[in-house]
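Structures incoming, each one as structure tokens.
One chain, subunit A, links the two complexes that follow: it is found with subunit B in the first and with subunit C in the second.
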Partner chain A sequence: MSLRRATGAVFRRELQLFAKRKSDWANPLVFFLIVCALFPFAVGSESERLKLMGIGVIFVGALLAAMLSLPRLFDEDSRDGSLELMLTSTEPLAMLILARVAALSLALGLALAAVTPLFAVFYSLPFDVSAMLALTVLMAVPTLLLIGAIAAALLVSARGGAILTAVLVLPLTIPTLIFGAGAALKVFYGESPVAELALQGAFMLLALALCPLAAAAALKISTD
Partner chain B sequence: MARTEQQSNEKYSGRWFWRYASPATFYPLAGTLEKICWIIAAVLTVIGLYLGLLRAPVDAQQGEVYRVIFIHVPAAWMAMVLYMAMAFWCFTGLVLGTRLSFIMSHAIAPTGALMTVVALVTGSLWGRPAWGTYWVWDAKLTSFLILFFLYVGYMALAAAFDDKKKGDRASALIALVGAVNVPIIYFSTVWWNSLHQGPSVARAGGPSMAASMLAPMLILTFAFWAYCIAAVMHRVRTKIIERERDAAWLAEAVK
Partner chain C sequence: MKLEVNQLAAERGGRAVFSDVSFAVEAGTLLRVTGANGAGKTTLLRILSGLGAPVSGSVRWQNNDGAQLTTGEAACFVGHANAFNESLSVSDNLAYAGALAGLEPNAEQIVAALDAFGVKALRNRSFGALSQGQKKRSSLARMLLSSDRGSRAWLLDEPFVALDVDTQALLARLISAELAAGALVIYTSHQAVEITAPVVRELSL
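Here is the complex of A and B:
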């Protein structure tokens, strides 16, 4: 089987699974919705304050929702044995992992980005800000999933996975948080968000280059 | 077991450095290092604190408060140095597969985390009189907080595996991922502040330090080095005992 066919098959399988199992995409979205709805109760409903808060809350909420989907990258496969098949494949493991993460990023990223402008209404954000927020969420989800794939791969065989994933992954996503929310803030203040977008893109590309290799090494360690 | 250790020691006897990759040969060396370093740490701490707290002049701008620097700066340096040392041993362990490397990195992590906490706490105690607040979201403070998270993540991951070897290698990988990320996180927080145009904190840089202030700081830095080495060596010895408890040489060594 050629590399292209193998990665294509993994990519398609991931998308099909995502489409079939409604809880996989419905739960992160509902979680995202609840996080966004909780904050106004805590900080008050004054609209000027909500606008500034909203950008950060929505972005962090999207990151947390994406993080909740990390266990599905490898956990189920390790239980039903398909992870073993992936490991015994002659194709480079890093590429197969990249295909999985790409499929999940595409599906989950689009889903989260699609509801972002909707949730921005809660915080009475202007349209251009919420559009920029949707774009940066779309860029942040792959970054988080790429970094998270390393942790998810390590924790396949460990105890207390979910909390530990958060402890390991969230500190490493701070750059994308800074620049993603920063770009939307720039639009909010009527300035050009190009610098933030470029830096967020650079961070995403760096993750794209390094994380699949690290995740492959991690998977080999944890399934050893 | 004892025989194989001895044989491998003889095999590598020409290369003194590699000899100490074996827990059996390193155990006594660690004991000696520990004793020497405790003594150095104690002596230098007394001298450094005497010079720093009693002899160094009062700062013209900050008064007595600046004396926190004698603890704060050495702790901050050690926090960073120890992370690099930890990542170095993780790398060595992953590449060469030596047992002692992972023992070293596990032994370094708690001391590194402690130094990060000391730096953060003394920094915020200093910040209250100097900046008027315990905490500012400045790049240095933020990245130290994240450094603390990285230490905690490393230790938590190492503890999460029932299989010790797996835990060693898994946590080593996450330490290396963290090491790659530390500069990225630092620069993003620097740019974050410059981009957001946040309230600029009046940094108490002032003129370069006077010799009477610099000397105690350097002495205490060496004291911190010695303390960290001693603490790490103590932990290394404990971990060796824990991991090699069935080895024959150990029964001899701790008799």
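Here is the complex of A and C:
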């Protein structure tokens, strides 16, 4: 009962902060927009090439935009001391971290997925492809944030932590990148994306099972 | 409530801070930890509250029946940092702190805790808009969230910093009341503030 109350409080607080500070969600979205808008200028307007590239660019852009939110997981809490509340809680740290990542994934994942079909227009992608892209972005954001929580926990309040976090986390998201963009490519070629979706889902569940525990251990080490 | 510390040794950044610290304190005891800057007062409190790990030695918390308690259940730590988020309101911050501490503070308890520190009127203000002293007072209010007075040990790291003289006296009175209710208070302080307690002890590092 008190576990539910504690995780609920963490979840609610994350959403409250997200709603209170517009830069928290505006920054990743604007960044995503700029990345998606730049590529057509550089690549040219030949439509077949643009479409194929667009799938990859949009997916990578969404991952990079989600990366921007990783420092907010623990850095601010470490500065103002409220991380101590989580660390001295009566409830398991891994569950609290999971609640936090879940709230951030929900808010950020929905926001990024919602604008994905919009940005797909830049690449004149058909609607079914952009809908599939939105779905795979929605699945990729939690995976990235779960893996990223480990790196963010290790590098909490470290100098240059944001760059190091990106260097550590992005290579680990390659499987979700392959299957996520792959599913949209399959739809583009008119084939069934079920296998890619299943593998991406499996990867997300694996991250869900392992990452909170690893992040809790990392956070304990780095704040000791 | 009882705390037993055995042969505790700690290091910071690879350098030994203190070693072979042993003591046992019981309910109603006020323990003041003294020592020069860098003697390891904060390190000791962080280890007692479970935030840090000792190099060797053990810390054991027990309730009055002799049953083992986890650190989270036994202690309430208030450190240098206020542990409140600047963007949220004072009462939201307090409710969050209570929920993580395994408590169930309702709205009246939150108002009562803030009232005890004379900051009831600030409860809906955003924490970032308060002055240093007001911040410290609202942050200290989280010690009073437990409805079961005296059930948690207070671990206070320099609690009197940033407080005016009246509030220092107020905090001293609240500590005395908590001790009378059977709690255990361990604190560090550079200021000499008079606190009445059933048992007063000093640990010099």
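Definition applied: the second predicted complex is superposed on the first by the 222 of 224 C-alpha atoms of A that agree within 3 Å, B and C clash if a C-alpha of one lies under 4 Å from a C-alpha of the other, contacts with A are read in each partner's own complex, and residues count from 1 in each chain.
Note that a contact is a pair of C-beta atoms (placed from the backbone, for glycine too) under 8 Å apart; a residue touches a chain by one contact, two chains touch by 3 or more.
These numbers were taken from a predicted model, which means no experiment stands behind them.
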item	value
Which superposed partner A:K51 touches (first subunit B, second subunit C, both, neither)	neither
Touching partner for A:R21 - first (subunit B), second (subunit C), both, neither	second
First, second, both or neither for A:L155, with subunit B first and subunit C second	first
Partner chain(s) touched by A:L172 [first = subunit B, second = subunit C, both, neither]	first
Touching partner for A:L210 - first (subunit B), second (subunit C), both, neither	first
Touching partner for A:D224 - first (subunit B), second (subunit C), both, neither	both
Partner chain in contact with A:G182 - subunit B first, subunit C second, else both or neither	first
Set intersection of subunit A contacts, subunit C complex versus subunit B complex	224
Touching residues on subunit A, where the partner in the complex is subunit C	2, 5-6, 8-10, 13, 16-17, 20-21, 76-77, 79-82, 84-91, 96, 220, 223-224
Subunit A-touching residues of subunit C, taken from the complex the two chains share	49-53, 70-73, 75, 77, 79-88, 92-93, 95-97, 99-102, 104
Complex contact set, residues of subunit A against subunit B	147, 150-151, 154-155, 157-160, 164, 167-168, 170-172, 174-175, 178-179, 182, 185-186, 195-196, 199, 203, 206, 210, 214, 217-218, 221-222, 224
Residues of subunit B touching subunit A in the complex	146, 149-150, 152-153, 156-157, 160-163, 166-167, 169-170, 173-174, 176-178, 180-181, 184-185, 188-189, 191-192, 195-196
